[in-house]
Amino acid sequence: KTLKLAMDADPESLDPHVQLSGGMLQYSHMVFDPLVRFTKEGGFEPRLAEKWEVIDPLTTRFYLRKGVKFHSGSAFTAKDVAWTLDRLKKSDDFKGLFEPFTVAVAVDDHTVDLKTSKPYALVLAMATYLFPMDSAYYTGTDDQGKPKDAIVKTDHSFANKNASGTGPFKLIKREHGVVLELDRFADYWDKASKGNVSKIIFTPIPENAARVAALLSGGVDWIQPVPPQDYPRLEKEKNIQLVTMPGTRIITFQLNQKRKPELANPKVRLAIDYAIDSVTMVDKLLKGAATPAGQQGPEGMAGFDPTLTPRQDLEKAKALMKEAGYEKGFEATMICTNNRYVNDEKICEATVGMLAKIGIKVALTTYPKAQYWDNFDAQIADIQLIGWHPDTEDSANYSEYLLMCPNKETGYGQYNSGNYCNKALDELLMQAAVETDLAKRSELLRKVERIAYEDGAYVPLHWQNLSWAAKKGVHLEPIVNIMDFPYFGDLVID
Amino acid sequence: MSTALVSIRNVVKHFDISGGLLEQLRFSGGRPTLKRTVVHALNNVSLDVRQGETLAVVGESGCGKSTLARAVVCLHQPNSGEIRYRDQRIDHLPPAKLLPFRTRLQMIFQDPYASLNPRMPVQRILEEPLRFHHPNLNAAQVAERVAAVMEQVGVRASWAKQYPHEFSGGQRQRISIARALIVDPECIVADEPISALDVSIQAQILNLMMDLQESHNLTYLFISHDLNVVRRIATRVAVMYLGSLCELATARQLFETPRHPYTQALLSAIPTLGRGRRKRIRLTGELSTPINLPRGCVFHPRCPYAYEPCRLEVPSPLTQPDGAVVACHALRDGRI
Amino acid sequence: MPAAWGRFADSHLMYSFRRDTVAKASLGILLVLLVSSFACPWIAPTNPYDPASLDLMMAQTPPAWMEGGAPDQLPAFVLGADDQGRDLLSTMLYGMRVSLVIGLGAVLVQAVLGIAIGLTAGYLGNRVEILLMRLADVQLSFSTLLVAIFIGAMFRTAFGVASYERLAVPILICIIGLAEWPQYARTVRASVLAEKKKEYVEAARVVGLPTWRIMLRHILPNTLSPVLVISTVQVANAMMTEAGLSFLGFGMPVTQPSLGSLINAGFEYLLSGSWWITIFPGSLLVVLILSINLLGDFCRDVMNPRLYKGM
Amino acid sequence: MHAMTTPSPAAPLLEVKNLEVSFPTKTKTLVAVRDVSFTLHRGERLGLVGESGAGKSITGFSILKLISRPGRISGGSILFEGRDLAPLSEQEMRPLRGDRISMIFQDPMMTLNPVLTIGTQMVETLQAHRRLSRREAQDIAIETLRAVRIPSPEKRMAQYPHQFSGGMRQRIVIAIALLTRPSLIIADEPTTALDVTIQAEILDLLLELAEHEGMGLLLITHDLAVVSQVTDRVAVMYAGRIVEIGPTEQVVHAPQHPYTQGLLAALPQTHAGEPGTGRLAQIHGIMPSLYNTPTGCAFHPRCPVRIHACSEDAPALRPCGQTGVLAACHLVE
Amino acid sequence: MIAFLIRRILQACIVMGVISLIGFSLRHTIGDPVREMYGMSVSAEVKAEARERLGLNDPIYIQYFRFLKNAVQGDLGNSLFYQKPALEVILSKAPATLELVFSSALLITVLSVPCGIYSAIHPRRLLSRMILGVSTVGVSVPVFFTALMCISLFSITLGWLPSFGRGELTPLFGGAWETGLLTWSGISHLIMPSFALTSIMLPLFIRLVRAEMMEVLQMDYVKYARAKGLSERRIYWVHAFRNTLLPVITVGGVQLGILIAFTILTETVFNWKGLGGMFKEAVDRGDTSLLVAYMVVVGALFVVVNTLVDVIYGLVNPMVRVVGRK
C-alpha cells in the first residue's frame, strides 16, 4: 500500500549525520534503524540491539541482532556500529551529543561495547540516535574522487545523495525539497512488524494551509504537523483522524536582566509571569494544541514537579509591580519569530496585550527565523522568545542551554539570553550530569525546576503539542510518539 | 557687409542618431565595428541676414531649414562654423552669457497648437519672458506691457486669463508672435509661421507680420516652403537643398531669373491659378536622404544638367555679377 | 480659484464623470471609506492598537447576529472579534487607515522619485537617460517583494527593535516606494519625451529660461495627467503589495495590523469556521481597492486610454 | 451586385442631393454638412475646396458611407450610377468600396498600413472584389505600379511602406485606387502632405490617369491653385455648405460669392506683380465653429458686403447669369 | 542580428553584474545560513568555524570578487541547503516556474486578445462592460486570496482539482526538463495556479489590448482598409490587430518579468516546486548563495524575455527589424 505523506519540510540530507534536526531523525527512522528506540511510553525497545547490559560504569554492552541486512545487501555487524559511532563523533552536529562517548569496541560480529569517559546516565537514550550505517557501502571514494564517508553540509557528497541502512524503507528517488520516494525493503529483518506500507511518497509542503488543504482534498494521506486552528475543521471531517500529543518543546520568554535593570528585580519577573495567562493563550490561540507549562520539562521527564503549575493572577501581578516600585510600569522591547513555532507571532502579540495590563508597554518586532537567531544572540531586545526541545529527550538539557550562567568556554547557557545566573542552580546541574542513579538525578533536577520557578528565571508558556492527521484507515495512533518520530515501518493501512 | 545683423558662417550641423555604444555595434566581415548614423542636416551654410530685411529660406521638407533657424537662436550648437550677431560670436556662449542676445533674437514656431504651453494662461505665457529678462519690473508695468503687446498683435487683452486651447489657430499664432515681441527683439526667426493655417488666416498673419516689421523695425529670418508666400514677403530668398545652400538672391532676381537648376525646378512646380502653366521641369532620379548624402553636389542625382564635376566636388557658392550667390558647377562653367 | 474650479467643473473629465454611474458610485464608496478610516479614533468602538484593550477571552467571537456572538456588548463586536480578541470592526477601520496611509505614502514616494528620475532622464537624454533607464530595468527585474525583503531587513537593523514598531509605517512606505518607482519613471519619461518635442519647450529655451525651470515649470505640469492616472492604480498596487508582504511575514507589526495583515492573520481560521476574521477585512480591502481601481480606470478611459504601467 | 441597375449613359455618375451629415454629441447635434448637392458626370473632374473644417472630407467620406461614429447621414440622397447609397447597409456598401469607387487619402504616411507589404495591401484589395488567384492579382498589381511609374515594381511589392518616400507612397495609394478600374475616385487632399516638386508630379499623374481611364474624379483640397489646374468644375464649401459651384475657369476668374472672392484675393500669388510689396487682402475673423453657426448666411459676420437679409435667412444656391455658376448669396442676381 | 544579440548579451551582463552586486552587498541582511544548517544545540565554535570555512567572514568585497571570478566560469556558488551548485538547483526548478508562467502567459494571451478586441470594437455593449468590470474585480483581489479561495472551492469542497504540487511529470530532453504538460494529472495540477497567476495580469492586458485596438481603429489606415472594401474580419485581424500587437508586445515583455516575480506568492500557496517557492524557502533559510543566484538568473531571464520580445517586435514591425526598440 502506498502512503502519501506531507510534512512541513523534508530531510536536509540523506546522510543522517549531516544535521541534527527533527526531520533528519524522522527520516532516519524510515531508512535506518537505531540500536534501540523509545516506546510510546518512554521506555526503550530493542531494535538492532537485541539486548544490552552495563558491564562497568563506563561500558555498556549491546548484543546485536543476527541476520540483519543493509539495503545494499551486505550484512550488519558490530563493525558497522563502531564505524558509525566514529563517524558521529566527526559530525559537527552530533559530536556534542556524543561527547561523553569515547569509542565503540566490536567484541565480535554481533557484540559491541560502548564506552564513555565518565559515568553517564543517558547511554541508552543516546543509543536511540545511533543508526548504524553500512560501513562497507560508505567506504572508498565516489566517482568524483571524494571519500564516500565525508560529512558535507553544503556541497556534494556521496552520503548526501545515497543511503544504505537497515531500515524498513529503501530509497528510490529523492529530489531535494520536492519529493522523497521510499519502497519497502524486501529483506527487512523485522518480520514481526505488521507494517504493510509498501511505498512512501513524501512531499514537503511548508505552507500550513496548503498542507491541510492537501489532506482535505485527498492529495495526501498523512500530514504533520497540523496547524491548531484547523483542528476543529479536521475533527469535524468524518474521513479524517487527528491525533495530538503533548510534546517536549517548551516555549518560553527570557527576560534580559542585563539589558533591562527592571527585569533584574525578581518581583518584576514574577509579576510578568503572573500577568501572562498561558492557559487562555493555549486555549484561544492554540486551540488547546499545547499544554500550559510552569516548568521546563513536561510530565514524564526526569525532574517533573507536579506542584509547579502555571501562574496566572492579574491582581497579584499588579501588586508585585507596585511592590517593586513600578506601579506605573515601564517600556520594554520584545522580539519573536514569526515562522518558527506554532503561532509564535500570535502568542507574542497576545503577550504584549497582557503585559500592557500591568503597565509594561512592549514594543514587539517579529522576524522570520532566518533572521531571528542572530538578533537573539545579539540580545537586541529585553524580552526574547525561545522554544527548546532537548535533543537528548532529557530535562537537564533544557537548563544547560537556557538557564545556566552563560559561559563561552563550556558552552553552557548558550541560549540564555535572559542572563539569569544562579550558582546554586548551576551546581545542581553539574551534579546531575554525573549522577547515574536515575531517582537521585531526578530529585536534583526537580530542585532546579523549583529554583527557577521561584526566581521567575524565565516565563514558561507551554509545551507545544505534536499533531498528526491522516485519512481514516491509516492506523496512525500506534506509531506516533512524543518524540515525533512516527515509526512508519509499523504503519498499517486498511 | 557691415549691415549684417546675423551672420551665419560655414555652419555645419550633424545629428548623431546612432544611440549608445552598444547600439552602434555592427559586424562587418566578422569583425566588430562601431558604426555611427549621422544626419547631415546642415553642410557648410553661409548667409547674412541684413538689418531690416526679410530673408526667406525655402526648400523642401527635411532640407535643414528648421535646423538653420534653431542654430541661429542657439537652440542647436553647430558642429562647426559660427553664428555672429552684430559681429559678436554667439554660438558657443554659455547660457548665462547668451541672455542679452535672447531679448534681441526671438523665434516664432510653426505649429500653433504645440508652441504654447497648454497649462499656462495667456497672461503667464506672455509674462514669463518679460519677468525673466526684466526682473525689476513691477506687476503693473508687466501687466501694462502685456496688454500693449496683445493689442499690437490683435488679441483682446480681456482674453489674458484664457488658456491656449480656447483659441483658434490664428489667434494662437498671434499669441506666439506676442510672446516673441514682448522682450522687444530686433530680429525674429520665424519657422514656417503660417504653414499650418488656412489661406484666409495666413493672409491675416502675414499682414500682421509685415505691419510689425514696419512699426518695430524688425528683421525677419523667414522660413517657409511656400514660394508664393515668400514671393510676397521676402526681400531676399535663400534656397536650400539637403542641407546646402543652392542660391541666394533678392526676391525679384530669384523669381524672375532663377539660376540654380533646383531653383528652376522648384519655381516651375508651384501651382498657379488657372490652366495656363509654365512648362514644368521634370526631376528624375532618386531622392537622397541627409543620412546618406551623395558625394559632390547634393543635387546632382536629380539634376538635369549634372556632369562629371558635380559627382566629385561640392560646388562653392559664387557671387554672380548682380550680387546673387549660386552654388552650381554648371553655371560656373557656363553650361547653363 | 473659483474660475479654476469652474473650468474643472466644465471639463470633459467632470462631464464624463457626471454621466458615469460606476465612477460616481466608486467615488462615493471611496469617500465613505476614506472618511471613516481617518475618523477611526472617534467612530471606532475600541482602540485595537492599544494592547491593553486586547482581551483574549473574546478571541474569535462571531459577529453579533450569529450564535455565540456578543450582542450585549454592542457597538463593540458587531462584526465579531479577531483571533486576539480585538473588536473586528475597529481593527478593520484602523487597519484600513494604515493600509491607506501606506498606499498613499508609498505612492507619494514612488511618484517623487519616479517623476524626478523620469523627468531628468527624459529631458536630459543621452547618457543620463540610458543610465537611469537601465537602473529602472534592473529594478523592475527584481520583484517588489525581493526589494522589500532586503530593504526591510536593512531598516530593521538600522533602527533597532524599540523604534521599529513606531517606524513600521514610514519604513513600509519607503520600501514600497523604493520598489516601484520605475513605473512612474517610465511613464513620466515617455510623456516627457513627447512633450520635449513640442515647440513650447523650445520657445521657453529661446526665452533663455534655465533648464531646471523649463523642466519644472513647463514640462512637469504637462506630464501630470498620466501620473495622476497611474497613481490610482499604484495606490491599489501598493496596498496589495503591503498585503503580500504581510503574507510573507515582512509587513506591519502584528500589534498594528493593516488590512492586509489582518487578512493573513485570519486566513488560518478560514477552514476552521471563523470565516469572519478574514472575510470581513478581505471584502473591505477588495472593495477599497476595487473602488480605487474603478476610479483609476475611469480616469484612464477619459484622459488617456493608452496609459499602462511600464510603458 | 444583383441590385445594380445598369447605368444609363445619360444619368450622371454621381448625384448628391441635399446631403446632410450630423454628429450627435454630448450636448447637441452638430451638423457638419448641410444641404449639399452636386453632380459629377462620367469622366468629369470636380474640385471641392474650402477651409479646414468646412466639411469637405465629411462630404467625401459620406459618399462611401465611411463617416466615423457617431456621425451619420441624416438627410438627402447619394445617387451613384443611379442608385441611392444613403440607405445601404455596411454589407451592401462593401462591394462598392474600392471597386466602383476608390478613395485616396490625404496623408500617404498614415494611409498605408505600416506592418503589411505593399504587395499584400494591393493583392488584398483585388481579392476582395475579384475572384483572382494570388498570382494573377500580383500581376495586375505590378502592372498598375508600373503605370504609376514606380521603378522595378516586382521588387517593390515585397517592401513595406516605410521603405518608400512620401511621393512614392502616394503613387502607391493611387495605384491601389486604380487597381479595380473604378468609375469614381475620391481624392481627399492627395498632395497636401507633399513637397511642391512632388506635388506637381502627383497632380500630373492623377490628371493623366483620370483622363486616360475616363474616370470621374472628386478632388478635395483647400488649395484653389491645385483645383484650378486639375478640375473641370469646382465647388467651394464654407461651414458645411456649398457656397459656390461652377466651371473652374469661371469660379477662379470671376468669383461670385464674397467668400470665394475673399479667398482668391487672400492668395499670395494673386497680385503676382511686385514681390515684397503691399499687404494681402484679407478676410477678417475666422470660420464659425459648427457648434454655433450664425443664423442666416454662415459667412455674414465676415462678409464685407453683407446686407440685412444675410443674418436672417440662409441663401440657396442660385444660378448667376449664363456662366453656369451657382452661388449661395443674397447679393447674386 | 549577431550584433544585436551581442549587444543584448553585453547588456544582460551589465544588468546581472549590477544585480549581483546589490544582492551581494545586501545578503547579510537576509539572514545567517549557518544558523539553519546546524541544530540548535551545536556549539557556537563549531558554527563560527563553519562560517570561516564558507568564507562568510571575509569582507564583502573579497566575497564578491570571489563570486564574480566563479560566476565568469559559470559557477554561481553552492546552495548551502541543496548541497549542490545554485545554478543546478535553479535549473532544476526553472521548468516548473516556466511552465507555470508560460501557461499563464498563454492563458492571458488567449483570453485578453479576444476580450480586448471585442470590447474595443463594441465599447458600449453590455458584454464589454462586463468583461472590463469582472477583470477589474479580478485585479483587486490579492493573489493569495484568490488562490486560497480556489483551493477551498475546487479542491476541498468540490474535489475537482488537486490542491498542491505538479502531479505526474514526464521527463524530456533526457530528464533535463520534467514537464507536466503531457499528462492529464500534470495539466489538472496546473489549472489553478496558472489561473491565480493569470488573474492579476489579465485585466491589465485586456485593457491594454482594448485601448490600443481602439486607438488603432481610429487610424487612417483602418479607415482606408474599409474604403478598399475589405471584410470586417480582415480589417480587425490583419490590419488593426497586427498594429495593436506592437505596444502589447512591448508592455507584455515587461509584465512577463513581473509575472515571474508574482510566482513567489502563487507557488507558495500551491506548493508548486518552482523558482518562486524556492525563493521563499531560500529566504526562510537564509540560503544567500541561492538567493543571489536566483536574482542573477531572474535578471538574465528578464533580459532574455526582453530580447525575445524585441525579436518578435521586429518580426511584427517591419520598421524595426532588429535594430532595437525605441
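So that you can tell them apart, the chains are marked A, B, C, D and E in the order they are listed, and the count of residues begins at 1 in each.
The rule is simple: contacts are C-beta pairs under 8 Å (C-beta built on N, C-alpha and C of every residue); 3 or more make two chains touch, one makes a residue touch a chain.
Source: prediction; values computed, not measured.
**Student:** Which neighbours does chain A have in common with chain E?
**Tutor:** Intersection of chain A and chain E contact lists gives C.
**Student:** If I average the C-alpha coordinates per chain and also across every protein chain shown, which chain's average lies closest to the global one?
**Tutor:** Smallest offset from the overall C-alpha mean is found for E.
**Student:** Quick one: chain B and chain D, Cα centre-to-centre, how many Å?
**Tutor:** Measuring from centre to centre gives 33 Å for this pair.
**Student:** Distance-wise, how many Å sit between the C-alpha centres of chain A and chain D, to the nearest whole number?
**Tutor:** Centres of chain A and chain D (C-alpha means) sit 90 Å apart.
**Student:** I'd like to verify one number: the distance from the centre of chain C to the centre of chain D, where each centre is the average of its C-alpha atoms, in whole angstrom.
**Tutor:** 53
**Student:** Could you pull out the residues of chain A that touch at least 2 other chains?
**Tutor:** Correct list: 209, 213, 216, 339, 368, 371.
**Student:** Got the chain C residues that touch at least 2 other chains?
**Tutor:** 153, 267, 270-271
**Student:** Scan chain E for residues touching two or more other chains and write them down.
**Tutor:** Touching at least two other chains: 11, 29-31, 148, 152, 156, 268, 280, 283.
**Student:** Can you name the residues of chain A that touch chain C in the complex?
**Tutor:** Those in contact with chain C are residues 208-209, 212-213, 216, 227, 229-233, 277, 280-281, 284-285, 287, 331, 333-335, 338-339, 345-346, 348-350, 352-357, 361-368, 371, 375, 380-381.
**Student:** Mind listing the chain C positions that touch chain A in their complex?
**Tutor:** 50-57, 59-60, 83-85, 153, 156, 160-166, 249-250, 253-255, 265, 267-274
**Student:** Which residues of chain D touch chain E once you look at their complex with the stated criterion?
**Tutor:** 64, 66, 68, 90, 94-99, 102-103, 105-107, 110-117, 124-125, 128-129, 160, 162, 176
**Student:** Per the contact definition, I'd like the list of chain B residues that touch chain D in the complex.
**Tutor:** 54, 60-61, 168, 170-171, 198-204, 206-207, 210-211, 225-229, 231-235, 251-252, 255, 265-266, 268-275, 277, 280, 282-283, 287
**Student:** Okay, in this complex, where on chain D does chain B touch?
**Tutor:** It is residues 51-52, 165, 167, 195-197, 199-201, 203-204, 222-226, 228-229, 249, 252-253, 262-264, 266-270, 275-276, 279-284, 286-287 of chain D that touch chain B.
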